[in-house]
Structure formats: structure tokens, C-alpha cells
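Look for subunit A in each of the two complexes below; its partner is subunit B in the first and subunit C in the second.
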Partner chain A sequence: MDLSIVLQFFISGVNLGCIYAALGLGFFVVYSVTRVLNLAQGEFVMVGGMLTATFYSMGVPIILSALIAIAVAGLLGGILHCGVIHPARNLSKATQTFLTVGFAFAIEGIALLVWGWEYKSLPNFLSTPNIHFGGATIIGQTPWVTGITLLAVTGLFLFFGHTLQGKALRACADNPLGAKTIGISVDRMSLYVFILAGAFGGIAGAVITPLTMVSYNIGFPMTIKGLLAAFVGGITRAEGVILGGMVLGMAEAIAAGLMPSEYHSIFAMIILMAVFLCQPHGLLSSSGKT
Partner chain B sequence: MNKTVELRRTKAEYLILALVVVLFLSIPLFAGPYHLAIIMDIGIYAIITMGLILLMGQAGQLSLGQAVFFGLGAYSSAILTTQHHFAPWLALLLAIIITGSIAAGIGRAVLRLKGIIVSGVTLVLNLIFSYLVLSLINLTGGANGIVNIPHLSPVKLIPNSLFDYYFLWIVAFLLLAFSLNLVNSRTGRALRTMNILSGGGEETAQVLGINVMKYKVQVFTLGAVYASIAGSIYAHHLGSIEPDIFGAHLSLLVAIMAIVGGMASPWGAFLGAALLMGLTELLGKFASVVVSGPTGAYELIAYGIILMAVLRFLPQGLIPLFQKLPPQSRHSK
Partner chain C sequence: MKRITVLLLVFVLALSGMISCAPSSAEESYKIGALTPQTGKYAGLGLQTLEGMQVIADDINEKGGINGIPLEVVPCDDKSSTTGVTLGAKKLIEVDKVAVILHGTVTALAQSTMPVAEEGKTPAILLSGTALFDDQLGEWCFRPMGSEEDYADIVFQYLNQDLGITRVAAMMENSGYGQGFEFFMMDVTSQHNMELVTTQHFDPAATDLTLQITDIKNSSAEALVIWGSGPAGALAVKQARDMGVTLPIIAAFAQGSSDMVKAFGEYYEINPSLIVTSSKTDIWQNLPEDDPDKAMCRDLANLFLEKTDPPHEPGFYGVVGAQMMLFVADALKRAQPDPTDLAQLRSEIRSALESTENLDLFTAVYTLSPEDHYGGSIQKIVLVTFKDGEKVLVRS
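After this line comes the complex of A and B, so read on.
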């Protein structure tokens, strides 16, 4: 096979993988600390994308638009925690998970009220032109997607590994009761992870908008794509989610190069099913329990 | 003591069932085609929701994949009748077998997982199904869907829509009677024993000698069969189907109906479906600002707020409000 084709597959695979990973990490941070599956995660992506496009169309510089959108998405995560999850903290995790579904429906409805049915798009960040490299063509947005995702992931790892708050979060993920005993406020930590998940969703939304159009109803599809990455890799570990995202991205990129267009996504799905039948808790499951 | 209570309850329930059946069979005498269509929608949703209630309310398995099985039933019926010229009633039965087999396979893989992870994985199934429908164009017609699906009624004695109405509601009540029986049977008790949502547990059930996996797969398959029947009736009634209908939104809406109606009893399915469809109609009439298409903005907001409010303040759903006995007596520990 031609080397340039391999390069092309690799680049678009990493790019798609980064998107999947960014979508999936929001689930990981919330699930690891609260054991709630936040099915409103995709709504943060939608809000991030739509707001970036809206501010940009009002003349705000694109990077600033993205930052505002990410901040609003994080705020929305905080609202989800304070208004919905925290008051129900004594109810079962299943109830809390379904509460996030209700929140997602409400956000989607409000988005439809605000933005209507129209699709929004953005130019590549800083109008980066397409790059030709070693016979492969790289869409101008690709370095931004990969770069920003890597930056965010590195930030996440540094935060979890090297700050007191991050260590407290890991303690909560490990053993909530134990964390409480040594004086960590689990409620506060759970607020942090929802804000973090919101911001992560906002970042994903802002960087994918130049590549795929966004509209009020992309929330649940984005939720499902993130879940896919999280489940393929194993939702209990950040490395697992990133690996899952990369596997899916690569599979989709290779399928896009080798098969007729209508079969791309199916190929990735078949990978998921194969992984699933062999390893029901994901590629990198730390333990058998979920 | 619980035994007698349960028996008495069952008799009362059958009496209500008989009254409701008579009421529904006589509705076409005084309702116009517009209202009949709404009541049919309620029936379709109620059947799908009833399947989910058996799975969630009895066995405690959180599934968000009912739209997949609804779609499988609809597409099986449509493909068998339009491409292979099967009789509609035979297609309906074959669709049950096809959907049931697929659901049993999926159930075997998915139900090894526990708790809320099952809800996430079954939600992913919706995306897989819609991609499959869009890619297998020769079979499913892709984004265009399938048209000219023949009608259920074998002979044309009464108008087609009236035949569909009666057929749907007779099926719905038969399934309701079956579900009520199931809830009060050995299987129902076994399922409730393993239900983590109502204080049971799979380990407890296993210790008691209940084959947990077998029962879970069985009830998952049964729920899928309910959805498949609804899907077949839907496809034959409308005469055309398109992939947009069978998505994650439908699965989630059905889950909302189950939660709002109440999962302790199969009656909850009818209550939830009637309430949410009625609300949709009202909002569609009075809030004409943005509302168009399948779901308008106010409907989405209303669904979300109702779901959150019911989960917080009426965790048993609406069904306990209609029951004289406290819900605990139903679930004897």
C-alpha cells in the first residue's frame, strides 16, 4: 500500500480518535467520582459548538468565542450538579442517571427555542488552510483538534496527578466513604467533576464545529459516541477512554479509506461489538466490577 | 396474608380491565379520525412501554433500547411484505421471531453487565441500529425508508383505520392481561427478587436458586417482542416507515413514559403513554411558536421537567395514586 495513504489514514484516525476521546472523557470524570452515567454529556458538546458559532457570527474572535462557550458549558455542568443531581444525592444512581436524561431533554428544548432548526458551522480556527504533507492532505482544523484535545488531556492528567484537588478527586473515585472520613467533601468534588465534564464537552463542541455542522439535536448522538469510546476502552480509567477513542477513530478512518461510504460507521460499531463480546468491561478494565 | 391480598387485587384489576376494554371498543362510535389517530399512538407507545416496564419495573434492568426492537419489528414486517410478499399477519409473527432471536443474542451479551452501565450500552444500540438501517440500502431503503407496506386487514369489511384501531387495542389488552399474569406468577416473583431497584439483588436471587441470567434474558426478549409487535402494527398501519422514527429519542421517550406512569404495574405503561401523548397534543395546539415536526421545543422542555419532577417527588410514578392499597403490599418482601 502507498505510504501516503497509510499516513492519511493515520492522521485522520488520530483526529477522529481525539474527538471520540474528548467526548468519552466527560463520562469518565463524572462516572469515576459519582458512579452516575451523565447522559446530558452530549448537550454540553452541543452548547459548546452552538455558542462558539453564535459568538463568532457576532464578530467575536474565534478563540475568545470558544473560551466563552467552554466556560458556559462548564457553568451548565455546575447547574446540572447544583440544581438536579445534588438535591437527589440520596436517591439511587439509576434515578440520578435518569435525572440527567431529563436535564438533557430540557437543554435540547431550550436550544431549539433559542437557535431554531438551523445548522451552524465555523471556519477552521484562525482560518488555517489545508496542509499537504508527504502526499497526504490534512484539513486545516485537524492540528487544532488534536492539539487542543492533547492539551486538555495533559491538563487533566496533571490535575489528577499533581494537585491536591485532583488527588482528592481520585480518593473519592477510589472510596467515597473513606474520602469522607478523612475530611474530603464528596459533594464539592462531585460539583467539580460536573463542571469539568461540562468544560470538556464544551471543548469538544468548539473544536468539532468546523468539521461537522452542529444543531440543537446533536446532543444525544454525541452522548452515544462518547459512551462508545468509554465502553470500548473501559469507563473506569482515563487511559481506557483515550485508547477506546483511538481504536474507534482508527477503525473509522481505515473503513473510510477502504469501503464504500455507507459502511464507515458500521465497521467501528462491529469493533465495539467484538470488544464487547470478548471483554464486557472494556479493553482496560481495572477490575471486574463496574 | 399477601396471597389473599394479591388474589383480590388481581380480581379487581381484571374487572377494571374489562371496563376499560368495553370503553375502548366503543370509542370509535363517538370519536373522529383525528382523535382515533391519537388514541392509536397511545396504544403503540403503551405496548412498547409495557415491555420496558416488565424489564425495568420487575427485573430492575435499565434498558434504553426499546426503539431498536420497535424498529426491528417494523422493518421486518415491511421487508417481508414488500420484498418477499408474505401476508401481513404472517410477517407480524415472523417479525416477532426475528426480533426475539436478535434480542436474546443481544441480551446474553449486554446483561452480563450490571446496573446503569446496561442503560448506557443499550443506548448505544440505538446508534448502531440507525447506522445499520442507513447502510443496508438494498434491504431497508436507507434514508428514504420503505413505502407501500400492505395493510393488516385481510378482507375489507370495515375501514382500514377502524380495523387497525380494534386490532391494536385488542392486542394491547391481551398483552396487558398477559403482563398482569406474569407479574403475579412464579416468574414475576423471581424477577422481583433480583430487582436491585426495589431492594432485591442478584446474589439474593442466586442464593434462592433462581437462574438469574436465564430470567434476565427471557424478560429482555419478552420486552423486545412487545416492541416488535407494536412496530409491525405501526408499519402496516401507516404504510410507510423511515429511519428517523427509530432513534435514541424514541427509546428515551419510552423510558420517560415508563417512569412517569410507574413501573410497579403494567398499567403504568398506559398511564404514562396517555399522559405524555396528551401533553404533546396540548402543547402542539397551544404553543405554535416553534412547534413543528415530531417534537417541538416546548415538548422537549416539558418532557425533561416532568421526568425530573416525577423522579424527585413521585419516584413510584403516577400509578400509586390510582391504587387503593399502598404499593408495598404488591411487592411482598
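After this line comes the complex of A and C, so read on.
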């Protein structure tokens, strides 16, 4: 095989892997504390991308546009918690999960009304140039996607491992009753993780829009990709989600580069089935515990 | 209490009188079912198509309807899914009792309308750019929109005759639209003594096409043809230019839509600037004065500007929606059917559509027959490129 193809395959796989990992991390933070699958996660990505593109088109610098969009997406996560999850806190986790689907539909409908059906795009952050080497190309935005994903993961590890709030969140995930007994407000922690998940979605939306474009209806496909990354790697561990994203990204790159297009879906399904048969809780699972 | 009872009785009687006096809408209008994706992934296409249908229907109604009878557009969302298409088409036929269905959608969904329309004995006009299923249209379905054979011919004729190119690479969307073009592309390239050096595929939702483009960069291709119905085709253009591909690129209609041009205009203008297939309505202002279609395109643009809010000219799918409604209007004018007998009405519209002759519309001149439910006899496809944010005519 040509060297340029091998290089491009690796670049493509890492890039897609980082995108899927960033999508999956939103699921991880919510699930690890609340045991609710937030199926509106993709809508945060959409809102992050759409708002960044909207502010940028109004003349706001791109980084500032992205920061505002991330803040709004985080706020939206808070609204999901306060408006949907908190009122339904006594219902089953399955019911709460289904309620997030309703929230996702509502966000998609509002987005269609606000932004219409048109796709929006963004230039590479800070006009980063493309890098060509060995016949392969790293598109200017790719280092931003990889770098920001790595930064987010590092921040997440530091937050959970070295801050009081992070440790409180882990306590809620490990033993909600025990956490309550020692005075931790589980409900407040739940609000924090929804805000965090919203912000993660916003980050993903802002950084991938220069590569992929964004429109009001990308939320659901993003939810599916993020869910797959989370389940393949193991939704209860952040490093599992990263690994899941990378496996998916590489699988997609192999399928796109080496296989006829009619086999793409079959190939992805084979990988998923192999993982779920061998490791039902994901590649880096901890048997359902954080 | 007695007074209230009497008042209630009067109210109920008045209401029942109103209901029984009101003739059913079938008696006073021709109901046109507008089945389009209004939500889901094809909503962008469907909403434009619906707007085109509505603009023409409003214009006809303002001018007194068809033979004095107004058109009533009955919108129905197919939700961008085959299930939505089947349920929507059934509802339009059995509940709304429409005279004809206009299905403004994509190939994969258009095919789901066919068995429902055949079973319900209701004429249906389908939006699909592929001729691959023309032999399955049956008695009640029509596809007077376009054919890949015609598109492929103008694309490869231009590459070969105008640019002197003989070796071409192709990137085809993994959809009915892409498959249809690929099927006819094989024939057309051999007719023009051209060689397809590599054919790559991409999914409609693909976001990374760099591997396919690397393969093309490594080939001996002198030009690249990208054929897709959605944003992935436009992303392919962007990523090809990002990766330093300097070949001439020709793409399909959808890549020239206003939102794609807005998103990727700067990439489209990188030398050699992108060329897309287009309808004359897209560039009517740049058509020569003696072009026989200029006045028709200008009138449509002005009609859209007058009837849309905010005012805008039609995109490609708006033109297609307008054209679908004009097809029905032409059939109704000739058939003059009685709107009160639904079965007869549907049958007469079907027969009238089949006898359409030299109907001069925006994308072609159409002559249909019982054997030919496509009928695009004279094509009006043009090639355009991009300069300073404007579309410029390359070849007609």
C-alpha cells in the first residue's frame, strides 16, 4: 500500500477518533453520576456549532464566538436538568432517559425555527494552515480537534481526581446514599454534570464545524456516534470513552479507505458485535461501576 | 336555565347547518397533496420544494384558478423516512382525498410512494434524479425531473471537448443518486473515449473524505467528478482543495445550492474554480438576451420575490417544486375534470399527464406517453462556475 495512503489513514482515524471521543465524553460525565443516558447530547453539539457560526458571521472573533457558544450549550445542559430531569427525579432512570429524547426533539424544532434548514460552516480556527507531508495532508482544523479533545480529557481527569467538587461527583457516582449522608447534595451534583455535558457538547460542536459543517438536524447522528464511542470503550470510564472513540474512528477510516462502500455499515456492525460479545460492558469497563 | 338550553340548541343547530351547508373542499377545489420532508435530514430539500409548489399554486389561484376552480395545496411531512412516506401518502389518498400527489424528496424515499400510489389509484409526480427505476413507475407514477444520462453527457462532453481531458477520477455518493450517475457514467465515458482511472465512494453523511482524495491525488486523473445530493459532496470539494488537489472539479446541482456556496464559496473559487450542473433559473441574469428561456426564468424569479417572505429567488429545489405544480396545472387545464368525482378526477389527471406534449418548463421540454413517464425530450441543463460570489455560465 502507498505510504501516503497509510499516513492519511492514520491521520483520518485519529481525527475521527478525537471527534467521537469528544462526543462520548458528554455521555460519560452524565451517566457516571446520574445513571441517565442523556440522548440530547448531540443537540448540545449542534447548538455549539450553530452558535459559533452565527456569532462569527456577526463579526465576533472565532475563539470568542466558540466560548460564548460553549457557555450557552452548558446553560442548555442546566435547563435540561432543571426543566426535565429534576422534576422527574423520582421516576425510573429509563423514563428520565426517554425524557431527554423529548428534550432533543424540542431543541431540534427550535433550531429549525431559529436558523432554518441551511448548513453553516466556519473557517479553521485562527486560519491555521493545512500541513502537507509524505503525500498526506493534515487539514488545519485537525490539530485543534485533537488538541482540544486532549485538553478536555486532561481537565476532566484533574477535575475528578484533584478537586473537591470532582471528588464529590465521584462520591455521588459510587454511592449516592453515602454521599447524601455526608452532606453532598446529589441533586446539585447532577445539575453540575448536565452543565458540564452541555459544555462538552458545545466544545465538540465548535471545533468540528470547520471540518464537517453544521445544520439544525445533526444532533441525532452525533448522539449515535457519541453513544457508540461510549459503549464500545465503556461508558463508566473516561479513558474507555477515549479508546472507544479511537476504535470507531480507525474502523471508519479503514472502511472508507480500504473497503467498498457497500460494506461500510457491515464492517462497523462487525466491530460493534465483536466488542459487545467479548466485552459486554465495553473495552475498558469496570462492570458497570465508575 | 331554559334560556341557556334554547341558546345551546340554536348554537348546535346553527353549527350543524354550517357544517351541512359547507360543501366539502373536494367540491370547490382541486386538492394537491404536497408530500415533502419538512423535518429530518432532507428537510432542507423538502421545504424548498414545498415553497415552490405553494408559490405556483398561489399565483394560479390569484389568476382565478384552473378553469375557475382553485388549487388547494395539502402539505404532508414525510419526515425524511420511508415509513413517513408510506403513512403520509396513504393519509393524502385516503383521508385528505387529494387528486394527485407531488412527492418532492430524494430517490430512496420517492420509491416508497410508488406502491401506495398504484394501490390507491392516485397519480403521483416524484422528484428523483435517477432513471434507474423508470421501468418501475407503473401506471400512476411519473418522474419528469431529470436523468443522469443527460447530466453525465453534458459533464463528460465538456471535459472532453472543451478541456481535452481523457482521464477522469470520480467520487460517487453512496445513494440512489450517486449509483444512478455511476451506472450511466460508464457508458458516457466510453462514448467519449475517456478513461475512468479511479472511482471512489462516500457516504451521504461522511465528514472525512481525505482517504478517497489521497487515492485520487495518487492517480493519473486529469479531472475530478463529484456526484452527491447532500453536503458531503461539498465537503469533498473543500477537502480536495485543502489537500492541494488542483484538478478541474465538476460537481452536481446540490453542491451549487445557496447554503453550500455560502459555506464554501472561497473554496469553490480556487483556480480552477468549481463547475456545477445547474438549471437556467440559477443564472438567468447572466443568460444572453436571445436565450429562449430567459423570460421564463425571470418571471419565476420575480414571482418568488413577490410571494416569499423574506423575498428571495428560488433555489434549485424551489424550481423543481414549481415545475411539479406546473405539470399538474397543465394536465388539469387540458382535462378540465370534475372535482366532485374523486376516482374519475384521479383517472383523468393520470391520462392528461400521460398525454403531456411539448410542455416547456425550466429544466427540460417534456413529452410524456403511456410508455414514457419521464419524457424529458429537450434538456436545459447548463454548467456554471463561480466568480466573485456569483454564478457564471460556462456551457449550455
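As a working rule, the second predicted complex is superposed on the first by the 272 of 290 C-alpha atoms of A that agree within 3 Å, B and C clash if a C-alpha of one lies under 4 Å from a C-alpha of the other, contacts with A are read in each partner's own complex, and residues count from 1 in each chain.
The criterion applied here is as follows: a residue touches a chain if its C-beta (ideal position, glycine included) is under 8 Å from a C-beta of that chain, and two chains touch if they have at least 3 such contacts.
Note that the structure is a prediction, hence the values are computed from the model and not measured.
Engineer: Looking at the overlay on subunit A, is there a clash between subunit B and subunit C, or do the two fit?
Structural biologist: They clash.
Engineer: Considering only the touch criterion stated at the top, classify A:Leu112 as touching first (subunit B), second (subunit C), both, or neither.
Structural biologist: both
Engineer: Examine A:Pro87 and indicate which partner it touches, taking first as subunit B and second as subunit C; both and neither are also allowed.
Structural biologist: After superposing on A, A:Pro87 lies in contact with subunit B but is clear of subunit C.
Engineer: Taking the superposition on A as described, I'd like to know which of subunit B and subunit C A:Leu272 touches: first, second, both or neither.
Structural biologist: In the superposition, A:Leu272 contacts subunit B only.
Engineer: Quick check on the superposed pair: does A:Gly147 touch subunit B, subunit C, both, or neither? Answer first, second, both or neither.
Structural biologist: A:Gly147: touches no partner chain.
Engineer: Quick check for you: in the superposed arrangement, does A:Gly135 touch first (subunit B), second (subunit C), both or neither?
Structural biologist: Second partner only, subunit C.
Engineer: For A:Leu16, using the defined touch cut-off, is the partner it touches subunit B, subunit C, both, or neither? Pick first, second, both or neither.
Structural biologist: second
Engineer: For A:Pro221, decide between first (touching subunit B), second (touching subunit C), both and neither.
Structural biologist: both
Engineer: Please tell me which partner, subunit B or subunit C, touches more residues of subunit A.
Structural biologist: It is B that touches the greater number of subunit A residues.
Engineer: Of the partners subunit B and subunit C, which touch A:Gly178 in the superposed model: first, second, both, neither?
Structural biologist: Neither subunit B nor subunit C is touched by A:Gly178.
Engineer: Who does A:Gly155 touch here: subunit B (first), subunit C (second), both, or neither?
Structural biologist: neither
Engineer: Between 235-243, 271-279 or 325-333, which subunit B stretch has C-alpha clashes with subunit C?
Structural biologist: Clashes with subunit C appear only in stretch 235-243.
Engineer: Using the superposition described at the top, list the residues of subunit A that contact subunit B and also contact subunit C.
Structural biologist: In subunit A, residues 108-109, 112, 117, 221, 262 are touched by subunit B and also by subunit C.
Engineer: Mind listing the subunit B positions that touch subunit A in their complex?
Structural biologist: Per the touch definition, subunit B meets subunit A at residues 62, 109, 112-117, 119-121, 123-124, 126-128, 131-132, 134-135, 137, 142, 197, 247-249, 252, 255-256, 259, 290, 293, 296-308, 311-312, 315.
Engineer: How about subunit A: which of its residues touch subunit C in the complex?
Structural biologist: 2, 4-5, 8-9, 11-12, 15-16, 19, 108-109, 112, 117-121, 130, 132, 135-137, 139-140, 208, 211-213, 215-217, 221, 252-253, 256-257, 260-262, 264
Engineer: Which residues of subunit A touch subunit B in the complex?
Structural biologist: 35-37, 39, 84, 87-88, 91-95, 97-99, 101-110, 112-113, 116-117, 220-221, 223-225, 227-228, 230-231, 235, 262-263, 265-266, 269, 272-273, 276-277, 280-281, 289-290
Engineer: Where on subunit C does subunit A make contact in their complex?
Structural biologist: 39-41, 43-44, 47, 174, 201-203, 205-212, 214-215, 217-218, 231, 234-235, 239, 242-244, 258-260, 262-264
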